[in-house]
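In the part that follows, the structures are each spelled out as structure tokens.
Next, two complexes with subunit A in common: one pairs it with subunit B, the other with subunit C.
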Partner chain A sequence: MGLPIAVLIVMFPSILFPSPNRLINNRLISIQQWLIQLTSKQMLMIHNQKGRTWALMLMSLIMFIGSTNLLGLLPHSFTPTTQLSMNLGMAIPLWAGTVITGFRHKTKASLAHFLPQGTPLPLIPMLVIIETISLFIQPMALAVRLTANITAGHLLIHLIGGATLALINISATTALITFTILVLLTILEFAVALIQAYVFTLLVSLYLHDNT
Partner chain B sequence: MPQLDTSTWFTMILSMTLTLFILFQLKVSKHYYPENPGPKSVKSTSKHIPWEDKWTKIYSPLSLPPQ
Partner chain C sequence: MASSVPVKEKKLMEVKLGELPGWIQMRDFTPKGIAGTSQRVYYRYYNKYINVKKGGVVGISMVQAANVLFNYCRPYKELKHERLRKYH
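Entry: the complex of A and B
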């Protein structure tokens, strides 16, 4: 099979979420079902009926990014979310979807986002330009934020781990301090993995809220 | 910077699209959250057929034309 292994690595987290087939499922599926219900209730509270049609997309988004980030914390693993290509591929279509939904359903209101209320008359042209730029930067910021955070975390772990290893022969105390830093960093990375998934999904849902 | 090497971009985006939009959504869509059980109304829900309102004499077997 001439299949690049990256394809299999991207599809791997879906194996960890078995699909519920029975009336009463096993513990793993029940726990995941409960987690999804918890996050979906929290996240879809702010949306109206139209926005709630995106529930499936947002839930699979947060599960995908969260599981991919967490699996990337294992040693020697490949994290697909460090690839800018994939994050751009997620951010641009989702953001474009929210903007186009806004245009189709509330054309005047979505265009009105370009001009905040109560701006003095001479400032209007400049403000429209600034608002347009800030609108178009939203998908770029989404993608680059996720890539940079995960890549930076992995890089820090690599560097500090290497420093700890090199320091063992030189001075054991410094190595111990560096090892403590490494442990704290790993705990941070667990948090970052989950938080980044959350932030990505939250922002997409906010852009959706603006536009429905 | 390794992320800007565009040779891998097509593979990554394609596999990500496949995973995210198809695999995950198929799995999550099968999650079933049943409603809380509630009482069901005793009245039957069969439709009201106009000709069943009255039973008329013409349908009694003795008054029908012989077959």
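Entry: the complex of A and C
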């Protein structure tokens, strides 16, 4: 019973972003257009002509992760980005895309990334191994970072909310303190939701910059 | 309580509560029918609440409220036991 509803829930944020039809649209679309223009200018400044072909991918990535994380802060909702499977599914193809682009177009330069400049001769084999490992860890780190941050935030909210409820009968002052902590935590979670989206996209774009 | 117009041709707001199961069964459940219904529902809501000159926060708030309600009904069987009642 869970599987078809999960598909609906993953597709739900796309309903909240209608496509602009006219020159001057309604307020929702105008706000979203302004935000997307702001973000895309910021994010695509560092790329050259070749990297800017990834603009659509990066923008849809940040909109999807941001909206999914923010929707997960509503009570009882299900956040797809807490599932490691989905984050791996996003991170691995994107990272592999940047690496393969680098190999195809600038083979020598992307292989040269494995060895920082000016290393002493005896250290070279070890350093190449370390750089390879750090390259292959990049998609794992992307996925696990997003999963862990969102899951930890949701968990904290659940636990502290439950503690506040349980403390009301025992001691009202402690419940009030716990409630203040809960309010601050929720504000943090809003920030974290957006920041995680930004970080994911920024890192993908950084890997892209190295390889174009 | 027989209706003068056959049930199939009535719109949803005009179907009486007792006839609702019969009305739902007579709808068009082919993919084309479902697509048509979803499009109609979406555009009716969109053009009434969001695509207006001075839309407010009401348009998306109602969608979010429905979202929360839907996600509450999903694990209702497990949530029932966590209510603050003396006898569950």
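Methods note: the second predicted complex is superposed on the first by the 209 of 212 C-alpha atoms of A that agree within 3 Å, B and C clash if a C-alpha of one lies under 4 Å from a C-alpha of the other, contacts with A are read in each partner's own complex, and residues count from 1 in each chain.
The rule we apply is simple: contacts are C-beta pairs under 8 Å (C-beta built on N, C-alpha and C of every residue); 3 or more make two chains touch, one makes a residue touch a chain.
All figures in this text were calculated on a predicted structure; none of them were measured in a lab.
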Clash-or-fit label for the pair subunit B, subunit C on subunit A: fit
Partner chain(s) touched by A:117 [first = subunit B, second = subunit C, both, neither]: neither
Touching partner for A:86 - first (subunit B), second (subunit C), both, neither: first
Partner chain(s) touched by A:16 [first = subunit B, second = subunit C, both, neither]: second
More subunit A residues in contact [subunit B versus subunit C]: B
Vertex subunit A angle, Cα centres of subunit C and subunit B, expressed to the nearest 10 degrees: 80
Partner chain in contact with A:78 - subunit B first, subunit C second, else both or neither: second
Touched partner set for A:59, first subunit B, second subunit C, both or neither: first
Lowest C-alpha to C-alpha distance for subunit C against subunit B (Å): 15
Touching both subunit B and subunit C, residues of subunit A: 18
Complex contact set, residues of subunit A against subunit C: 5, 9, 12, 15-16, 18, 26-28, 71, 74-78, 165
Residue ranges of subunit B touching subunit A (in the complex, touch as defined): 3-4, 6, 8-9, 11-20, 23-33
Residue ranges of subunit A touching subunit B (in the complex, touch as defined): 4, 6-7, 10-11, 13-14, 17-21, 33, 36-37, 56-57, 59-61, 63-64, 80, 82-86, 88-90, 147, 151
Residues of subunit C that touch subunit A when the two form their complex: 42, 46, 50-55, 59-60, 63-64, 67-68, 71-72, 74-75, 79, 84
